[in-house]
Amino acid sequence: MKKRTKRKLKKIFSIIFCSLIYLFLFAPIIYIVVNSFNATRSKPYLSWKGFSFDWYVKLFDNQTLLQSFGNTMIIAITSMILATIIGTLASVGMYKFKFKGKAAIDGLLYIPVVIPEIVLGIALLTLFSNINIPRGMLTLIIAHTTFCVPFVIFNVRARLGGYDMSIEEASMDLGAGRIRTFFEITLPVLAPGIGGGALLAFTLSIDDVIISYFVNGQTKTFPLKVYESIRSGVAPDVNALSTLILIGTTVLVILTQSGLIKKLLKKA
Amino acid sequence: MKRKRIVCVALSLMLVLSLAGFTGCGKKSASNGELNIFTWTEYVPESVVEDFEKEYGIKVNWTTFSSNEDMLAKVKTESAGTYDIVQPSDYMVEQMISQDMLMELDKDVITNIENIDSAYINPSYDPGNKYSVPYQGGVAAIAVNTDKVSKEITSYDDLFSEDLKGSIVALDDYRAVIGMTARSMGYSMNETDTDKLAKIEEKLLKLKDNVKVYDSDSPKNSLISGDCTVGYCWAAEIALAQEENPAIKIVFPKEGPYVFMDNWAVLKTAKNSENAMKFINYMLDSETSQKVSEEFPYLNPNAKAVEALGDEYKSNEAKNPPADVIASGEYVSNLDTDTLAIYDAMWTKLKK
Amino acid sequence: MTKHRFKSKTLPAISMVGPVTIWLLVFVAAPLVYVFIMSFCGLDEFYNVSYHFTLNNYKRLADSNYVDIYLHSLIIALTTTVVCILLAYPFAYIIARTKSRKKNLLYMLVIIPFWTNSLIRIYGWRSLLGTNGWINTFLMNLHLISEPIDFLYKQGTTIFGMVYCLFPFMVLPLYTAIEKLDGSLLEASADLGAKGPKTFFNVILPLTSGGIFSGSIMVFIPCLGYFFVADILGGGNSDVIGNLVERQFQSGNNWPLGAALSIILILVTLILVKIYQKLGGDMDSLGV
């Protein structure tokens, strides 16, 4: 009897504790969603003046906000692709070949991951300023790729651990060239690691504030536009955009959880 | 397995989001070129800029800053041509002229300069208005939420009172705050004497417990939301806060306030100088100036616009500070690098 | 023979590792070297960098005011890390070892907030915690308090914000470490007569220590640089080292001073990483 009640108490405690943590994680998100329906017109847009879809409509008139979101997407996708290509090639190369300086490259890879982002941000700003590259889209993409590459490499490397290279030798013995072997043998094995790395790169890029803050020039990214709005009072159209992004994300997660996408992919 | 699923989710999500993102990329085509403006936050109405874009067919790229020093730093570090137009305050105009950073204005285009009140024409920081024209100005006054604060506040010195612990929203501007401290002691806003500076520092640190938030962009938000009950802010911010909460009153300090006048100027390295001149002329137009003051009610040097704004503006002290208040105030002026280093050290000490 | 060797060994190696090497050298090594050099430079009267060697910046930064800020930042970072561990460990433990079919969902629910912009979530907290924000209004309506509680713009608020932002970075490594725990070891410990706490301290904790260490590094170091959290929630009152650096590159207009501050940050980071490695931390588990 005693042991069972103990176990039950433990379970109840666990549920309450975890719920509180989830509440902690989601509380501001709930606020953001609710306030996106606030009919208020006056700064700082905090008091509730009634329910309305107005701001969702106004959102599509807000050119600068939508453009900043577009910029963020372009930067994220480009950086992700660049980082993935550079990172995958590097991981495989470092795994296969022995050469001097491997430790040095390794060390350099840890730097963007470990040091505070602000140091990387100002360092890149200093570089761009000195070789006179105007700050904007290009510098943002370079900066984002720089901090994404190590994450791609770590993810692919994790997948490489235990990879038996004899498969590749076999493939080449059978006549497939080096490049063909890479694309048809190596890459499929590494796919989950590459996918994971790419996903991480994309996530880090769309949310980046600190590094973008220094190298963005006049180009606004979505996080930077939000930072700007926070200074004057966040209009609920920003809430509306965030809510829409959130809905999109959640819908996809639900679909995968219910196995729908998996079924669709299986059929394909 | 779990990972594969997450990856699929993510990849499809990225596709969806990027499609959405590209909708935002439909830029309006600019037939007459572009213009890059760099202004104070909460100072130029969006509607005014949009109207300019429509009327002249010029695309405007707009960035904002929170203090003169921020603006100078960015202008110097960004590559030449990033910004065409800037909005320096009085002393900053002087500094930029001395560093040869400004382009002479084309008075043939900027005909509306005649709208400016004679009191603000030909200022000491830019004789003959060769490089700048006044935009808006005002004072940094005190806001008091009379519902929550029982103490009577009449001077900058009152802000240091122990009764006001944790209740003030102050400008995030070291010249403004240190200068205010100096004035509360009867010194100049631009004090250089090291002994006096030491005394100023001593008093300044008493402010630490009283200031809850530092905010130059939108101090009215803290006043309206109730997070702060007293403010040291730009007068127009107080005027706007008053509109949301009539209990908030403006107080002009006995010692005479920090006075400023902000101006339009064109950078020497501007790539769109013609468009810049057109923009400045547009902003000086009395109708435009009227719209500006309706949204951001600062002291308006445009005499024609002031007439059109009528009594509602003229009689509101917060929007239109009385002439004697302005006369009793002091402008910030430039200081040498050594003195500024002392100011900077004081500021760091205050904010740590 | 050599030609074949070049083609089959060196060329592929260079083409695969070359891009990343060049990228790292140009965009990581070179900028940092430059920052190092700049930290020994001064300013001329026009706020431009003057390339004369000087130790002025470091002298200035050794001033007691600055040292106070470093200590202050370290305390904030330490508190944040400890709070994260205390909250994340039990949470990760419950989720990682749950036998519920919803395990995947629970894991995803930790990651989803990540996909909403972190700035706007911090702003959400600022609105929730305000004097007339939801939390105070809620508590007052329930008559639990008569005056609104002053949550915002205190040091505690900054720590709260940091914990909020960096919580996932602590949860994920802990989750991975706890998931790898072999259930049979725990059973064995129980069989041998060890009660709950004893098993925890002697078996579970040592086995998951790697997760705790890598989580701590991933929380502590970013804390020092997260100036926007201190800005938004701290009201400009509780600066961390990141705020100092940011100020020198913005209104302070003093890049060399900012560079020197960054070098100090890097040194602090290096010291922490060394400690981490000495305690047996695995560099590879960072960032995965």
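Annotations for the structure displayed:
Letters A, B and C mark the chains in the order given here, with residues in each chain numbered from 1 onward.
Following the convention adopted for this analysis, a contact is a pair of C-beta atoms (placed from the backbone, for glycine too) under 8 Å apart; a residue touches a chain by one contact, two chains touch by 3 or more.
The model shown is predicted, which means the values in this text are computed figures rather than measured ones.
When chain pairs are compared by their number of contacting C-beta pairs, A-C comes first. Placing every chain at the mean of its C-alpha atoms, the farthest one from chain A is found to be B.
Centre to centre, using the average C-alpha position, chain A and chain B are separated by 36 Å.
We define each chain's centre as the mean of its Cα atoms; on that basis chain A and chain C are separated by 16 Å. For chain B, the set of residues that touch two or more other chains comprises 5-6, 66, 77, 215, 225.
Multi-chain contact residues, meaning those touching two or more other chains, occur in chain A at positions 46, 125, 203, 245, 249, 253.
For chain C, residues touching at least two other chains, in rising order: 104, 108, 130, 132-133, 249, 255. Those residues of chain B that touch chain A in the shared complex are 3-14, 16-18, 20-25, 27-28, 36, 41-42, 61-64, 66, 77-79, 81-82, 215, 217-218, 220-221, 224-225, 240, 244. Per the touch definition, chain C reaches chain A in the complex via residues 8-9, 12-13, 15-17, 19-21, 23-25, 27-32, 34-35, 38, 87, 90-91, 94-95, 104-106, 108-110, 112-125, 127-128, 130, 132-134, 164, 167, 217, 221-222, 224-228, 232, 242, 245-246, 249, 255, 258-259, 262, 265-266, 269, 273, 283-284, 286-288. Contact residues of chain B toward chain C in the complex are 2, 5-6, 66-67, 69-70, 72-74, 76-77, 99, 166, 172, 174, 211-215, 225-227, 337, 344-345, 348-349, 351-352. Of all residues in chain A, those touching chain B in their complex are 42-44, 46, 63-70, 72-74, 76-77, 125, 129, 132-135, 192, 195-196, 199, 202-203, 217-218, 228, 231-233, 244-245, 248-249, 252-253, 255-256, 261-262, 265. Put simply, chain A touches chain C in their complex at residues 14, 17-18, 21-22, 24-29, 31-32, 35, 46-47, 85-87, 89-90, 92-94, 96-97, 99, 101, 105, 108-120, 122-127, 130, 142-143, 145-146, 149-151, 153-155, 157-158, 178, 203, 206-207, 209-210, 213-214, 222-223, 226-227, 230, 234, 238-239, 242, 245-246, 249-250, 253, 257.
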